[in-house]
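This is the structure I have questions about; it appears just below.
A, B, C and D label the chains in the order they appear, each numbered from 1.
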Amino acid sequence: MKRPGHVEAGRVERGVNVPQSYRLARRDSRGERTVVHLRNGATFGGEEIAICAGPCGVESSEQLDETARSVADAGANVLRGGAYKPRTSPYSFQGLGEEALKMLRDAGDRYGLGVVTEVLDPRDVELVTKYADMLQIGTRNMQNFPLLREVGATRMPVLLKRGLSATVQEWLLAAEYVLLGGNESVVLCERGVRSFDVATRNLLDISVVPLLEDLTHLPVIVDPSHAMGIARLVPPIAVAAIAAGAHGLLIEVHPDPPNALSDGAQSLDCAQFRELMRRLSPVAEFAGRRLPRRKPSGDGVANAGYRGSAAGEESASTAHSEVRSSSSGVKLA
Amino acid sequence: MKRPGHVEAGRVERGVNVPQSYRLARRDSRGERTVVHLRNGATFGGEEIAICAGPCGVESSEQLDETARSVADAGANVLRGGAYKPRTSPYSFQGLGEEALKMLRDAGDRYGLGVVTEVLDPRDVELVTKYADMLQIGTRNMQNFPLLREVGATRMPVLLKRGLSATVQEWLLAAEYVLLGGNESVVLCERGVRSFDVATRNLLDISVVPLLEDLTHLPVIVDPSHAMGIARLVPPIAVAAIAAGAHGLLIEVHPDPPNALSDGAQSLDCAQFRELMRRLSPVAEFAGRRLPRRKPSGDGVANAGYRGSAAGEESASTAHSEVRSSSSGVKLA
Amino acid sequence: MKRPGHVEAGRVERGVNVPQSYRLARRDSRGERTVVHLRNGATFGGEEIAICAGPCGVESSEQLDETARSVADAGANVLRGGAYKPRTSPYSFQGLGEEALKMLRDAGDRYGLGVVTEVLDPRDVELVTKYADMLQIGTRNMQNFPLLREVGATRMPVLLKRGLSATVQEWLLAAEYVLLGGNESVVLCERGVRSFDVATRNLLDISVVPLLEDLTHLPVIVDPSHAMGIARLVPPIAVAAIAAGAHGLLIEVHPDPPNALSDGAQSLDCAQFRELMRRLSPVAEFAGRRLPRRKPSGDGVANAGYRGSAAGEESASTAHSEVRSSSSGVKLA
Amino acid sequence: MKRPGHVEAGRVERGVNVPQSYRLARRDSRGERTVVHLRNGATFGGEEIAICAGPCGVESSEQLDETARSVADAGANVLRGGAYKPRTSPYSFQGLGEEALKMLRDAGDRYGLGVVTEVLDPRDVELVTKYADMLQIGTRNMQNFPLLREVGATRMPVLLKRGLSATVQEWLLAAEYVLLGGNESVVLCERGVRSFDVATRNLLDISVVPLLEDLTHLPVIVDPSHAMGIARLVPPIAVAAIAAGAHGLLIEVHPDPPNALSDGAQSLDCAQFRELMRRLSPVAEFAGRRLPRRKPSGDGVANAGYRGSAAGEESASTAHSEVRSSSSGVKLA
């Protein structure tokens, strides 16, 4: 069996002569910065920033459709939503699984949005790649190495969230696991680290935005929703992130936050999200970037529906991920 | 498909009426404290403490045999050793996989030691249960929920290490995932949390030893090796842990620490481990406990070799794990 | 003797009926937001933001004069510089004391800049108020209560830096010590907190900018220099802070950073500071604020030289600090 | 003016050639370990450990007398109690000041106990040295450099608590400030550091006990009361600290914890303290140490009452502090 999880096992390497750092992720390993493209045209790392928005968890097709339509109208270009939810308590809502994946694909196609959703289990990677455009590796799984290897074996873009108390070096080494599998489409996502203060849910480390620009060629986006845990603080921090140079945002939006099954306190409602998008436009411009271009709903990004499993993992992922900038070509062992 | 990873998915529970806490792990959910037994007679949570010792990673059968013989002679009753190593860098030694599992089983049987080893991937759980007596969930996987559910579906004892910056509540909720699967044999292992100071590798939170005694019926052991990262500090901290009431220790021992493939700096050599065992004896007594009883090598714990996969997961695990509530009561100092 | 340090001593209060929180600092204790004015016209908390710039430590009159002229030309309105330096090691440069205070006053007067400088010792407060326009309480002294009471007894504006691992609540309670002394002119300064990662010197908590807007009527500024510890990261973070709504910045500028006696690595040189000011202008506008208005050097802010001790502490401080509640209201983006 | 606070000011040292570390505090700067003696015979750093016990704050002579008698009977040899309390809120009980100092001296003399009490303000050092046998520098003041210099200029033993998030290196450099003033009698006190978990008040870093044994010749004691914040956890952690090699303990004891004006939740009552002392005896022996020898109340340690200010600071402090072990003689510049 050739699962990616075990390619390294059995190979005894002496640590001494092997540089214990991120060879592939480092800035100077490529001539140009990586730009990650989704099938619907969304880009991470280019002049156009990516706005990923949607509910924490997919709860119903109605909830998702309403949110997707609203965020698309407001200018988002990627739909986020959890089908498999990592929850601290086993008694909390754990997600709707494949049913939610179908809803995400439908809503994404309907409104021209790319779809990013979290995968928790290496055994689910194949299934999730059938529906999603980008695989999210959550905070708790930043060092789930079998999972990193599994997504590294696909050719689907990966959104790699920073671990709860991961150093920048550990984060880049986690990215290295994906890159080493041959998947060049990694986007880093800062979402706050654990701190001693409970005033906010986590402590957003905004310094990584310019810091990572020096250290790596990979794009970095910011998730102010999980960092803050309080909806009112999300817009000013989103604005600050773009001003600091972030290549995109991941924002939780729910049509009815007080009744959300998870993360209601930190979710913007649809009107708040629209207002945020209005504020972001001049800041993006100031930062030398621009918001996603509006596309009329139902235009050319309409799709042929679900990709069946017959299509195979490889074709599905190459269809979605084009790391175009690598003109010099990165040769990965 | 009935993998344990998904039993919850699809079940939408409103958080409001469900107490978001550890029902099964809490102290008052059971009349007595949990005592976890391994097949070779080692116990966690009873009057006799458990001493788990061995190398960070299994490197060769010679290395392992020498270590196992030495720690058994010194009085340890459980052999630790990594077959699958979670490593920050993809370029570091990743473990020998199933080959190492076989070596562990051989060495354990030869010297009458129980075997505890880490499992990283839910797909490896079935394989690892064929060789091990106890499944270790490492720090990085404390909130790897598919993995927790998978080991919760076995009946093999689980050693659940605290996450790098996990609160005590999050740790107990992780244990709850395992207990909820029907596996009652969970042992908690404190191994230090991440801190701002680099003087030691991690910051050992010794307070959890008495604190968990109040909060849960589950046993708690301490891993001073990963906490300190410096061999010289391991013995005094091991002694302190037992004095504080810990039910056991997890100690890294290597016959030749300077040439270890991983964690050499924090590994005791065989002589240092023997010396530590001598120091531990009066402290265990002071704490109302005792060290494992010595058994002559090759006595009645000799085993029939590997359990074939035919034996099935269930019989393998029930054979190993007997949570016999200590009817005589655990005397806690 | 009626030193402020002891006004509370001897008064036994039962904690039960006394709300243990910040009565005077809280948002709703005043009808309007506090705007702190320095004698030279600089304001904190109004439409015009404050730009405080200068060297970490005052090293010589030449160094200070060059820096002051340069930052004034670039648009700063407050000169920072340490006369008394709190240093981790007793063997590091400790500051030039009163000599440096005189240089600061001279340079401030020469270029129309307000002067902010740190006071470490309650016995130095009277002396420092003779020269400065604003008293800085450093990170290590956020909970130096005798010092807080001493500056609370003056009427000179206070710049209160957040402690190294102070919660927002502790910080506001430290401000409460100053306010309770009758000094209403407190400006909070976020400068990063201690974290587990050494990638940057501290971890800037940008969330406090919008958070404090809700919790208190006091203005908040940001010190990206100490937060980052790396000059290259200072400009993008400064920009982000203003975008998030900060009322000002505290920036270390040195004419020759590689030869600075302290904090050279995080100091901008004069050209970098000018470039930062250019970038800040549109961001301030976006945030509904504006940079300080340029004043020709040597204009009406010229002063009568040092205020002698005869002037007395009270008159000196009231002359400097006018908390004029902005009747027109501060428009917050 | 020759206050110690300013001896360094004005001396510009280039950092380059000066080793930025603890010259005087480091292990190899002295031939032997420092043993700090109090006038009543208590020692820190020798074979006999020091047990410092008493209330958080001195509330009345009755409360103090009852506590002092009780802890002396149980075997403590140093009385702790706050006269000046550093409190997060200005509305909390701030201590009784000099009145409390008198009570402490009386109670100490009556029961043969040394007296340790905190000094917050450099202006209070002279006053406190008239009454106390040991000056405590609290957590919030570990880097209050004027205060460190002021106590460094006395010859009275200093108990230097670790800062809330101080690294071991910063702590030793704080000790260096005291040693550099010529005061060789410094005892380090670990009291827990700030962490992300609120299960205990602070996170006790027990690793520093063996670590400091390598790094410095200064003795180290442990304060489990402030570390835990919960009385029930204090005894097992106190035991663990002695087992790990600590040279003493600082324990909060109150005759009526529920009605204490401060820190009631973490204070042992008198019976709990007696029980702890019984448990400590075998552990101290195991660690190669012994508890303080009992002395009949009112024996030869009776004193001539308060030392008047006429006695002068120098004679008062030299009478109290004898660093006997320095046979090789440490020459301090």
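Here, a contact is a pair of C-beta atoms (placed from the backbone, for glycine too) under 8 Å apart; a residue touches a chain by one contact, two chains touch by 3 or more.
Predicted model only: the values in this text are computed from it and were never measured.
The set of chains touching subunit A and also touching subunit C is given as B, D. For the pairs B-C and B-D, the larger set of C-beta contacts lies at B-D.
With every chain reduced to the mean of its CA atoms, the largest distance from subunit A is reached by D.
One finds 52 Å separating the Cα centroids of subunit B and subunit C.
Per-chain Cα centroids separate subunit C from subunit D by 34 Å. One simple way to say how far apart two chains are is to compare their mean CA positions; for subunit B and subunit D this gives 39 Å. Shown for subunit B are the residues that touch two or more other chains, namely 165, 194-196, 198.
Those residues of subunit A lying in contact with subunit D across their complex are 165, 194-196, 198.
Considering their complex, residues 165, 167-169, 193, 195-200, 203-211, 214, 227-228, 232-233, 236-237, 239-245, 279, 282-283, 286 of subunit A touch subunit C. Residue ranges of subunit B in contact with subunit A, taken from their complex: 3, 5-6, 8-15, 18-21, 23, 59, 84, 86-97, 99, 120-124, 140-141, 143-146, 163-165, 170, 173, 176-177, 180, 194, 261-262.
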